[in-house]
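Labels run A, B and C following the written order; every chain starts at residue 1.
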Amino acid sequence: MNPLLSLRGLETRFPVRNAFGLRTGWVRAVDHVTLHVMAGETLGLVGESGCGKSSLAKTIIGINRPQAGEILFDGHDIAGLHAGERRAVARELQYVYQDPGASLDPRWKIGSLLEEPLKIHTALSPAERRRRVVEILRAVGLPEAHLERYPHEISGGQQRRVGLARILTLRPKLVILDEPTSGLDVSVQATVLKLFRELRDVFALTYLFVSHDLSVVRLMCERVAVMYLGRVVEVGPTAQVFDAPRHPYTRALLSALPRIGGRRVTDDLKVAGEPPSPTDLPQGCRFRPRCPLAAERCAAEEPALGTEPHAAACHFA
Amino acid sequence: MAALVDVLSRMARDRAVLLGAALILLLVLVAILAPLIATFPNDVWDIHPTQRLRPPDASFLFGTDRMGSDIYSRILFGARITIMVAVVAIGVSLLIGVPIGLVAGYYHGWPSDLLMRFSDIFLAVPQIVLAIAIAQTLGPSIENVILALSLTYWPWFTRLVYAETRSLKNEIFIESTIALGASPFRVIVFHILPNVSSAIIVRSSIGMGFTILTAAALGFLGLGAQPPAPEWGRMISESREYLPDAWWYALAPGLAIFLVVMGFNLVGDGLRDILDPRLRRAPKSNG
Amino acid sequence: MVELLAVEDLTVGFHTDAGLAQVLDGAGLRIDAGEVVGLVGESGCGKTTLARAILGVLAPAARIGGGIIRFKGEDLLQQDAARLSRDIRGRAITFIPQDPYGSFNPLFTVGAQIRDLVRWKAPRAGRERVMELLRAVQIPEPERALEKLPHEFSGGQRQRLMIAMALLPEPDLIIADEPTTALDVTIQAQILKLLRDLVKDRGISVLFTTHDLGTAWEICDRVSVLYAGQDMEAAPTASFFAAAAHPYTRALLLSLPDPEGDIRDIPGEVPSLLEPPSGCRFHPRCGRASEACRSRPPRREPAPGHLVRCHHPVA
């Protein structure tokens, strides 16, 4: 079985400029990432701020241009495509913003917003488009009357559903969800996750689920990849990674997660310090300054990610 | 449709805007109904040497000019010239300026910079100077005034549209439409343009006022409509010799220009407050 | 336990274009000396409004409809504004805001801003005390830190600075409004531990508002939950999470991600505060609701220290 999405040695860098506009360094937001996603699965991509997960998602979808590496989608390398060629890919590979409601043009009616993807990519008749749009609206649990409304006339939660519906009209194969539950109340989050699950089943979707919320990722994803400062440090089946983490950073991350009903993490904190500046990375393993296992080897040699199914980039894994 | 009704009702609540709208409406009505409400419609081209320079009275509401023609009637017909100049000049400016601004704002890199520098060149030239240059080369006429005005006003639209387009490009709904596979044409015409339209409307209204003023100045310099056309600026120019005795001669056209320009400015300013924050603000709730 | 702060029957409304939004309806809360009390609830439940009412910094559009805020025996709502501003706010009661990026003036050094605070709110604190607090919150190289500008610190470090500044006037109560929401989970854990250790050492009470139940579990002694402006339940942390009696609390806890299986959300939506349901505001979404729920249930105490406002509490 070939993966639906395969990243090989992907690299996205951003220049850092000083006050005069001269480049003083690079931020390696995505630093030689190799990862794959199988059709039908939900891969979680976790990490804290600055780890590069959002940049990686935006690179896959084409908002950022990679400096090196391959993005094989359904067998074709889409990394080096121009904007025009990218548009054909858009039909199959889609991206959901943290707030899908914000993806709605406030001056357009919802019906027109939902028809637009079909107008761009298909040659369906107006009647056929209308039929598909009504079908999608029902799938996300909204009434047909909404077609005549404007985004600001419906609630935030309903806007979110319309934003999702808009993407689903194209029946994409892979959908990247970028922090979909960030900032949401717990009960609203539950509703949204339920919706994602239903849509995944109805539309046979594959998800790349980017989030900093580990408990949500544990719930939704079969496999998970952990990122730290631009690199994937651990990847494997979610249950294994969470129950028996192999990389010290993953262990630190999990240990800091509050567990209701369990031991208080603040009683027994294992992680100290903060991530270094992304322009000034340490030599060798980048987690070394904060790692309880750090040894000489870690400063000399950057560890490689092992082999799947459960791999970790650590000399002591 | 509902949006239009809402804008109109908001306008109705703002007295300054109402006044401005009333003045513009007056201008339009006067221009349309000129033949009907003018007391001496033929005075646009007729001369009556025996009636020269009469002060305002019952039959000559604003007095007569140096040719003996009724100033009131000439003012009314002059409104037609005023409107034509304003509408055509702004219209042409829009047609040139808006697309350039959209394209320059949407794309990055040297083509975009080139377009903006090109428009900067036109911005650097004072309208009056360019108009004089054109008039010298092509001869004074109202058409050439319109040409001069269009050529110097379009960069204002370009700048405005460029700034708005650049900022809109960062909006998530534009980014997501591009991610959905929309072509640049579709994004620019159907998403960016509607969202900059309110800024364009405001600028157009103020531009009309500005254009009328400049056209009057050009007419004053003798570069616009040639006699006997009842162009307001020209009338003021003619009155110079006879001031301060024939005070009515300059008063009527001056007042007309003042009221019209003020009308456009009031509406433009009012629209700016009504249109933009209103449509940007979208009440949201969680759920 | 000695009562430090008690909010009783507080009703607050806001005038909006669309009418009067009844943000708090007879809300109650109690904080004892040396206690860390968590105030949990979802967006719009009124926890920020309650915190602001205690501090006396409600927006001008707010109308206090009734109630008492008793702090060390006196009703804050009856005090004159000058006294509140001078003695209470920023001195006896200090505040740690949610957003670490907006709470400092970007143009002045951190040292200058701390100096201002000392001058107005903690005149007895000397340089030594400032240094001691900076070390206590684990800011590296405190002497140099004072000369830096806010943008030179990370979000986590700024929250440490805010904690230090909240402790400087030696307050009785610190109100921490979602102080770790904007931080990564590893930093959050460090900040929570720091806050808890510092206040326990000094016997300071904390009112900790949050929508993240995990953080409430971590550092609170007692937890109180608000829904749509009404207090629903308050209990010691262990029993709050293990044996919640109010249907809303239970539904909330059930909707937390559970790796085992089903996702359980709460049907319906949060009510509009312009036209809220009568009586218990949760009753339209509650599986146990009856006619009686149209009138507000009284406060009952099924176990010592465990308060519930429900006609049909879960046993």
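Just so it is clear, a residue touches a chain if its C-beta (ideal position, glycine included) is under 8 Å from a C-beta of that chain, and two chains touch if they have at least 3 such contacts.
As the structure is a computational prediction, the values presented were derived from the model and not from experiment.
Undergrad: Which chain has its C-alpha centre farthest away from the C-alpha centre of subunit C?
TA: B
Undergrad: What chain lies closest to the overall centre, CA atoms only?
TA: A
Undergrad: Quick one: name the chains whose C-beta contact count is the highest of any pair.
TA: A-C
Undergrad: I'd like the Å distance between the centres of subunit A and subunit C, where a centre is the mean of that chain's Cα atoms.
TA: Chain centres of subunit A and subunit C, defined by C-alpha means, are spaced 32 Å apart.
Undergrad: Suppose each chain is reduced to the average of its Cα coordinates; what separation in Å results between subunit B and subunit C?
TA: That pair's centroid distance is 57 Å.
Undergrad: From the C-alpha centre of subunit A to that of subunit B, how far is it in Å?
TA: 51
Undergrad: Any chance you could list the residues of subunit B touching two or more other chains?
TA: In subunit B, 285-287 touch at least two other chains.
Undergrad: Indicate the residues of subunit C shared as contacts by at least two other chains.
TA: If we look for residues of subunit C contacting two or more partner chains, we find 42-43, 269.
Undergrad: In subunit A, which residues are in touch with two or more of the other chains?
TA: Correct list: 155, 157, 185, 188.
Undergrad: Mind pulling up the subunit B residues that touch subunit A in the complex?
TA: Contact set of subunit B toward subunit A: 171-177, 179-184, 186, 191, 194-195, 279-280, 282-287.
Undergrad: Flag every residue of subunit C that touches subunit A in the complex, lowest number first.
TA: It is residues 42-43, 154, 156-157, 184-190, 192-193, 196, 211-215, 217-219, 241-242, 251-253, 255-259, 263-266, 269 of subunit C that touch subunit A.
Undergrad: With touch defined as at the start, can you tell me which subunit A residues reach subunit B in the complex?
TA: On the subunit A side, the touching residues are 61-63, 83, 86-88, 90-91, 94-95, 97, 99, 101-108, 116-117, 120-121, 151-152, 155-157, 159, 163, 166-167, 170, 184-185, 188.
Undergrad: Within the complex, which stretch of subunit A touches subunit C?
TA: 48-49, 155, 157, 185-191, 193-194, 197, 212, 214-216, 218-219, 239, 242, 252-253, 256-261, 264-266, 269, 271-272, 274
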